[in-house]
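Common to both upcoming complexes is subunit A, partnered first by subunit B, then by subunit C.
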Partner chain A sequence: MAKNPKFLLSGIGASSGKAEGIVRIVSNNADNVLFHEEEILVTKITNPAMVSIMAKAAAIICDIGSLTSHPSIVSRELGIPCVVATKNGTTVLKNGMKVKVDGTIGKVYLIV
Partner chain B sequence: MSKIMTGQQYKKEINKAIESFCRAWTDMDFGTFDNTVSWFAYDPLIADSWTKRMLQMIGDLDKTRLSKKEIAGLFPNMSELRVKMGFDMWMAKYAKVSQDERVTIAKFYVDLLTAYCLEDPYAFKKNIVHSHQEVQNFLKQVKPASTQIAKKLGRLVSACYHLGHAAYSDMYPSIVYENYGPYNLGKGCILAIKNFDNLRCPELWPETKNLPWMQVSIINVYQKVKMRVDSASHGIYEGDLVKNLKQFSLRIDGKIFPIKKVDKVSETLEKFAINLFRKYQLLDQEKKKTKYYYQKAYVYKKIYDYLGQAWHPSPEILKEAKGKPLYKTAWPKRKKEKMVLFRKIFDPYQGFPKNLTR
Partner chain C sequence: MSWIKKFAKSSFRLYSGNTISAFQPLDFFHFHPLWYDLWLHRIVAVMDNLMLEQKHYREISDILETPSSIRSILQKLTPAYKGSEVKNIEDYKRIASFFARMLEESCPADPFAELTNPFHTTEEVNHMLANLPWQDANVSIAKRLGQLLAVAGSLVHGQYNDIVTDMGWDTYGPYRVRHQTQQYSLLIRHFPNLTPKELWPEQFLASVSDLKIYALYQDIEWEIAYVGCHTIAKNGNPVEGLKKFTVISDGKVLKEKQIAALIEELAEKAETIYRKIRTMNFEELKQMVMLQECFQMKKMFDAADIDWRPTQEMVDRVKDKPLLTGILPLGTLMTDLEEYKEIFGINLFAREVLGDKA
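Then we have the complex of A and B:
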C-alpha cells in the first residue's frame, strides 16, 4: 500500500477491504473492451451491461447507491471493495489516476 | 402461528409487515432507478385494473382446495412474495378500491408468509424456510472451499444476479435470485443458500430458450460472516465472503457441477445479461411499460397456470397505462420523513396521503 495517500472523497463503505488501481470511468453504455483487469470501476451507478467489467474490477466507486444497491450486493459477492454514494466520484476522479479504495470506511485516496 | 386470525391479529401482522417494508425501502437510494424502472413510476399507472385483477385472483384461489402454504409455494420464492406484498399494497392505495378491499390484499399475503416461513415472515433480519433436518442434510453435501473457489462462485452469483436483473428488471430480480438464511451452525459459522431459478424465460425473452441452464443452487458455509435478508429481497453480508467461505456445494439443474467448469457458465450468463439489458434499454417508453407489466405478471405465472387462466397482463391493464406519462414524485430526503410517508402509502387502513398526487 502507498505511504502517503491523499484523501479524495468519501461515501458509504458497501463492501469491505482495500484495493489499489487505476481509475476507469465507465458510462451507462459500458464498453467491456476498454476495461482492463484490476482497474477501479468508477460510474454513476452500475447496471447489468457492466457485469463483465465488474468481474474484472479491483474495486467499485459509485456516485449514488446504498448498502442494498446493485453495486453493493455484487461487490460483496465478488469480494472486492466498494464505495457508493460519493456524490461526485465521476467528476473528482479522472481516467488514469492511481487510487486506493477503502471499502471498510468508505474512503478513496489518491496515490501520489 | 394460528391458521385463523382475528381482525385484530391481522391488523397486528399487517403493521409488522409495513414496519419491515418501511425499514427496507428507506434504506434504498431511489435515484438508482432513474435509468431503469421503478415501481413508483410505473405501478400507479395501472392501479385500478391491476388491483381489480389481484382481488379476482384472491377470490379464485379461495375457491380452490389449495392450502395457504401451497399457494405461497406457487410464487418464485419468499423474497419475491414479500416484494409483491409491498408493491400490491402500494398500488392498492392508488386504486379506486375500498379500505376493505385493500385489507383483503394485505391479509392474503400475511396468510401466505406466515404459512410458509418458519421464522421472521416479514424478513426484519432473515429468510428462514428450511427445517433443522434439511439444514443437516445440506451439510452432508458440502466440501472444503478455497479463496479461488469462492472467487469463481462470486462471479457465478454476480452473473446469475445480473441475468435476473436484466430479464425481470431491477424490480423483480428475485424471480431469479433468493438468499436463504442465516442458519446458525455454531462456532461462528452460518449456512447461507443462494438459489437462482427461472434463468430461462422464453415467454418474456425468446432468446433465452436456448440457455443451457434453468437453475443454480449454491450452499455456502461461512465463518466470521454476518448475514441478513430484508423485506425488499436484499441479502446483506458483513465480512469477507471470499476469504471466509469454508465449505460449499454447487448444483446446476439439480446435479453437482464441477467448479473447474463454472467460469464458462458465468461467461455465458453474463453475455445473456448484457444482451437482454441492452435490448430493454433500447425499447421506447410504451414498449418498456408493456415489458415491465409482463415481468410483473410473470411472478404469478404458476398461480394462473393452476387456475387455468392466462398469466400475462390483461388488455385492460395495458390499456390503462397506454399513453400516460410516468409518475414523478419528489421523495423526502430525510429518512424519518420517508418512513412516515411510506407508512401512509402502505397502510391499508389509512386513506391516500394528502401530500401525494394520485
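Then we have the complex of A and C:
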C-alpha cells in the first residue's frame, strides 16, 4: 500500500476491500472503451453495458448510486471495492491518477 | 408482533446509510402511484378467482416468484399507497397481507430477510450437499464465478432493470452446513428466468433460462439484507473463501470451459440490451416499466386465465404524464428507522390500511 495517500473524496462504501490502480474515467454512453486490467473504473453510474469493463476493474467509483444499485451489487459479486455516491468523482479524479480505493469506509486517496 | 414491524425493520436494512436514487431506467417510486390502483384491483380479482387467501404457500408456490420478489412487491406497496391519489384501502390490505403470509410460510425462519433468505428446509439443504457434484474451487475459478455472477446479474438488470430485479435474481441462505467433515456457509445464487420472452425479443435473451450457482465458503460471513441481490460479505474475501462449487444451468452441470463461454455470451447480451434501453424515449420507458411490473404476476394471472399485461386503462393513465414528485426525498441519506418508516409511508400504511402500528 502507498506510504503517503492524500484524501481525495468520499462516498458510500458499497463493496468492502482495498485496491490501488490507475484511474480510467468512462462516460455512460461510451462504447468500445479501451480499459486495461486492474484500472480503477470511474463513472457517473455503471450500467449493464459496462459489464465487460467492470469485470476487468480493480475497483469502481461512481458519482451517484446506493448499496442496491448496479455498481454496488456487481462489485460485491466480483469481490472488488466499490465507492458510490461520491457526487463528483468524475470531476475530481483525472485519467492516469494513481489512487487507493477503500470500499469498506467509502474513501478514495491519491497515491503520491 | 405484527408483520409490518418486522417488515419495516428488515426493509430498512436495504436503505440504511443510503440515498434512494439512481434507479434505472426511471424512478419507479414516482411512477407506480400513477397507475398502481388499477393494477392492484386486477391482482385482487386474480386472488379471488383462485381463492389464494385460503391456500398455504405450499399449495401455490408454483405460481409465485422468488421470495425476494415477493419482498420487493411489499416494499413498493407502502410508497405507492402514500403517493397514490386513489387509495383503495381494501385492495392494499388484502394484497399486502397475502404476500406477507406467503413469506412467513415460505421462509419461516426469517420471512423478511433481516439477515438471511432461508428458503430451503434442512432436509432440502442436506439433499443438495449429498447429491450435487461439488467441485473444488481455487482463486482462478472463484474469479470466474464472480464474473459469471456479475454478467448474469447485469443481464438481469437489463431485462428487468431496477423494477423487478428480484424476479430475475435471488440468493438463498447462507446455510451453515457440515460437508465431508468441514464446516461451510452455503449460498445459492439463482437466476430463474434469463429468457423473459414476454418482455424482450430473442436477441436479448440468454441461451439458458435457469442458472444456479451453488457455493460453499469458509472464513466468510454472509448477510442478505431483505432481497437476494443484496448479499454482503461481512468479513473475508469471497474469492479466497470459496472452497467448493457447482454451476447448473437448465439442469445441466457446467464445466469450466462452458462457464467461460457463458460469461462471454451473457456479457454481450447485457451490453446489447442496455444499449437498446438507452435508445428508448420516456414514453417507451414508461410502457416497458409497467410491463415489467405486471410481469411479476404472470404466473398467478395465467393460472386464473386472466391477461397479465397492462390494460388499456392502465396505459392511458400514464400516457404523456410526467413522473410524480415529492413522494420520497431521493437525495436524503437515511440513517434512522423511524425516519425511514415515515418517508416510505410505512407508518401511514400500518395506520390506515392495516389498522396497526409499525
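In this section, the second predicted complex is superposed on the first by the 108 of 112 C-alpha atoms of A that agree within 3 Å, B and C clash if a C-alpha of one lies under 4 Å from a C-alpha of the other, contacts with A are read in each partner's own complex, and residues count from 1 in each chain.
Just so it is clear, contacts are C-beta pairs under 8 Å (C-beta built on N, C-alpha and C of every residue); 3 or more make two chains touch, one makes a residue touch a chain.
On a predicted model such as this, the values are computed, not experimentally measured, just so you know.
Asker: Quick check on the subunit A-based superposition: subunit B and subunit C, clash or fit?
Answerer: Here subunit B and subunit C cannot both sit on subunit A without a clash.
Asker: Have a look at where A:37 lands relative to subunit B and subunit C in the superposition and call it first, second, both or neither.
Answerer: After superposing on A, A:37 lies clear of both subunit B and subunit C.
Asker: In the overlay, answer first, second, both or neither for which of subunit B and subunit C A:16 touches.
Answerer: So A:16 meets both subunit B and subunit C here.
Asker: Could you look at A:48 and tell me whether it touches subunit B, subunit C, both or neither (first, second, both, neither)?
Answerer: Touch status of A:48: both partners.
Asker: Return first, second, both or neither, reflecting whether A:73 touches subunit B, subunit C, both chains, or no partner chain.
Answerer: both
Asker: Based on the A-chain superposition described above, do subunit B and subunit C contact any of the same residues on subunit A, and if so which?
Answerer: 16-17, 45, 47-49, 51-52, 54-55, 64-70, 73-74, 76-79, 85
Asker: Which part of subunit C faces subunit A closely enough to touch in the complex?
Answerer: So the residues of subunit C in touch with subunit A come to 14-15, 17-24, 142-143, 146-147, 149-151, 153-155, 157-158, 162, 227, 229-233, 237-239, 263, 267, 270-271, 273-275, 278.
Asker: What residues of subunit A sit close enough to touch subunit B in their complex?
Answerer: Residues 16-17, 28, 32, 45, 47-49, 51-52, 54-55, 64-70, 73-74, 76-79, 84-85.
Asker: Across the complex, what residues on subunit A touch subunit C?
Answerer: Residues of subunit A touching subunit C: 12, 16-17, 29, 31, 45, 47-52, 54-55, 64-70, 73-74, 76-79, 85.
Asker: Which residues, counting only subunit B, touch subunit A once they are in their complex?
Answerer: Spelled out, the residues of subunit B in touch with subunit A are 24, 27-29, 31-32, 35-36, 150-151, 154-155, 157-159, 161-163, 165-166, 170, 230, 232, 234-243, 266, 270, 273-274, 276-278, 281.
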